[in-house]
């Protein structure tokens, strides 16, 4: 069962609500002997942290992570903290739990949010800040992803970028990975990033919000990760990305565009390579064939809907079924897709780490 | 672990290769007391069966299903065969295993197929007809889906349709569910279906192939199915659809289009309904918010790449790393997306059945 | 995968080492709307807490539990804290981490302990107090068990008792549940309990230790919990009890004694009951037939080996394979079986809660 | 979920009723490249087959196994059939489905059988021959176990023996593995075997039955298999053995006897070994410490209750709650423990294979 767990051998279970005591996760199945410190994890968390520019929510959370278990250091490890193979519990206290008036959100269902769905399912919900359905949960994923990166074989890199904001796609010919960390949008096209500043300022001042498309790329992935039929690498990636808050679509390689292609255009041709592995002449497949990695870059893209919390009144109903017009005040991301970028990397890293261990388990492969 | 299993409470494990002895599945966790006969299942299988028009592969497979276990009839059941709550094993013998020359496919990797990936992973593969990676496996899914439909609460309908072939999308204003079973493409737009005939004849005569987009719609789904965070209904749907052969993208509701929307446009507004449940004024969300069904139609769309088996020679390599130009002869679907339509329904039914039982288990809900 | 997780629908994942920062668990899948406070859980933890008599380890741990997530109270709940259906994270800080000299345990393998096995598996271990293999982990189980009790249908009681210490079995004719909490051994035979005082004092003064047998009884369990074949209620109970530290044997009902019986003696005869359910005239089966509960009391018994930490020198080897004679100093339980009693109740409660939800999920039963 | 599945990486799902069309299993996760033929599996099945002596049921089942998938042979494999890493489906048709009068068993609950429990759970059951609760299901386990043996590293042997029949235990000083296959009881003590002939003839002629104790021993198991806390090797063994029909108790190493020991007696002392691994001077622990194998023989014992089908009338009730006296006629094993011996080996092999792959997955160990 996987209500709040993902992965099989590299297995992450998260907990926590937006305004609860703390959130975090248990990472089970991590290989022993990997160097892991709170600093490693904190560096990833800091990339996702809110309030780093005017384009993300102004909620102030230090998102300070503590490692509660699963690591050990002594003189024999040279004082370096290593994983022990036992569960790694990671905890982030919630500190910015402003006491505020929740009566509106308590009694009404915000359109586009999970409010009604949670009530319909559970009959009770922690409505403060969205409770369990808040994107704040993704901090736990980023923490787990930082562990996952340690598990991946040397040479694997996982990077993500924002490739579309609202209707404005980047120009892929200007793609520059260096640019990604040089603008507040994780955008690989510096020119697009400049345009996004004005664009998003406008959205923000309108009290509105806008969607985005994120692309995640894993390079250096060995061939052979994945499995038929329901353990396909791309099926797990699809689930992983779709599980991120506000995501409404996922594609691998050419994705939806491949529907319009003919067979001749879509097949990634091959030529013999020096090392024995074939050289692919294209990557329409996004690095996955038959659910198994081919050694090409694994490429995944997903769509994030606009933040549902906006200042324009929307029609809704109360818990006791009366009509109401709602404005969702508070500190919100005008484009929640931005902060999904480090989350996307974390999910890719977790899926790859899991499949790496699964592949090693079944086949004994050393990659 | 889920290499060849999907679902948790309604749990399907499939087996079989394209040209092996048989294929099939075990359905575990099915509720007891449901009427289920081989005829029920056969009716679904016949919709997916190849060779029903010139637009699908001419391989001749009767796809006759046998129920090996998990059902029982006696005079107390009035002779009606009922599920017993124990595992239901379903088996389809492979009959059309033409003896043919497999030397080319044995020694070379067909571009776009899983050949190289399987060899890289396992070091061995059953290359006859694609082995385990053949779309023939989807017959087992359709059989399982027929069981899943029995599990769903009364009033739930699951239907799918082809909404784009190659670059040609249907006109949604002409959508007619009746039309779907009246043309060889499962197309809900009769006019588009007529155009597809010529179009696909041309593709077929060129020895080429083309992609497609399929849409699956489940109506009457009770609110409350799904769960946070990794057990989200849409995350499981994404995995289910992405696990279908040749699928490269999945979206829920507005999907990728939602990235271009502003928050005001995207929020599905609500008004108070008579029965207590709200009336939604739009369904951008595709029936799922926060990973949980809202009672609106659950809408899922996925892209199928063009069949990789084509008559135009493509560059490739042999198993021992020599260059080769390959033509994939044989009986193939010019648009493999067509036969994905009943498969899509099956996967939707399985995911909903699983979440229905999970929801009932956790909350005790009677829906 | 279940390295550190047990249960399926009621699902517990634990973390933590004996001398780490904290230990605890995530309980996932708990039904919503159940009253649950830290006090409820603390009451169970206090029964297991060390240092309550001279017969348990003198380590001083308050074992104070915090609920980090998954519960909610507001005016609508009357201020009562209810479960929300989301993951319940429970945390217990470790406070009694005396700085001491671990050099001996670091370099040598204590016979009977997991030291060598952990090193052979992981190549690294947190040896302080036994690390992950310490019985301290069972605090997390007791906390989870307190949640499980809330899930069980009204009328189910779960109680355990120590029925043998060393070679000294109780006299079952004197069984008195009231006595269990009136002596430091959780012993239902007050006379035996008196004898155990002197006996265990002697063991303790010798710096030795002794084993025990624990019996767990669940009454009021509805018929129908459990499942064929690998989801048998007794198979899950066996795993649950065997997973407790130092347990070496588990039996259900008559257990090993049933091997010596003839069929006539073993069959639990039935007579018609007023309510429709049969009245059983005996309970050799321990409440489980074919892996499914019958409505009779579910009875499980398990053997705990003597604590391996003793003051008599034992032959062993160092990490670098040199001979050594070891004494395990420190604060230890002379009969670790005593504190296994509340742990046994917790495991029984967790297994029953899981099967209760599984049963409800598959069959829709209201019990 | 594991209703009818066991194992995680080496994963077996079984199906089938006693008098249904067929029974069998899917083995998922098997490593590729292992030689596997129907003959390999048949050899194991033949050991379990009924009707081989007058001491087992006279039901005549050829138990002929077919491999439906997951293996492949061509000239490149030298014609040897190898596993491909995809699911291995194994099927055994039921042939001895005598048409007989089932009215008594249909309407009444046989004491000691699962009849009442199944009806209470499912409200329907296939009562012919016990349906899903029949020991006939164990044929599927034995087939899976034959695959598991192929997975285990070279040098691992798994053997079982009957060590007690009714109240008569063997003399362990006469233990001779050669004797096990030389008598109809799988008994390692030839003298005891001779006594059992008369003893069991008497039981059989009385129309009675008797229990047994079985011991399973795995030698050559590498250290490091197993995991904390709920993935303990012994916890999984306990579940595996307890899931076998009629088993009521399981123990590891000294088991229940260890409760009566003092710490000095129970600790398995060690001395330095030549190869770096310690030499253990005793094996009270049965090869498992902290849930992880130590390299010593893994020793497991379990108790089988007497067959519940006997010719002495027993009090029972009908389905509609009337009193009845029942005799269970038909072809039954007077000591069902005998045929549990090959089943025990199969379960041990499956558990070890699963943990071997899990260990390799997490740690990358080559053992």
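Going in written order, the chains are labelled A, B, C and D, and every chain counts its residues from 1.
Methods note: a residue touches a chain if its C-beta (ideal position, glycine included) is under 8 Å from a C-beta of that chain, and two chains touch if they have at least 3 such contacts.
The structure displayed is predicted, hence computed values, not measured ones.
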Shortest chain-hopping distance from subunit B out to subunit D: 1
Identity of the chain that, by mean CA position, is farthest from subunit C: B
Interface residue overlap between copies subunit A and subunit B, same or different (over half shared): same
Inter-chain centre distance, subunit A versus subunit D - centres from mean C-alpha coordinates, in Å: 45
Interchain centroid distance [CA atoms averaged], subunit C/subunit D, Å: 26
Shared interface positions of subunit D, touching two or more other chains: 1, 3-5, 8-9, 14, 29, 32, 85-86, 121-123, 132, 228, 358, 363
Contact footprint of subunit D on subunit C as seen in their complex: 1-6, 8, 14, 109, 111-114, 116-118, 120-123, 132-133, 137, 164, 166-167, 203, 208-213, 223-232, 234-243, 248-273, 276-278, 281, 284-286, 288-295, 303-310, 312, 314-317, 321-323, 337, 358-359, 363, 365
Subunit D residues within the subunit B interface of the complex: 1, 3-5, 8-9, 11, 13-17, 20-24, 26, 28-29, 32-33, 66-70, 72, 74, 76-77, 82, 84-89, 91, 106, 121-126, 131-132
Residues of subunit B that touch subunit C when the two form their complex: 1, 8-9, 29-32, 85-86, 228, 357-358, 360-364, 366
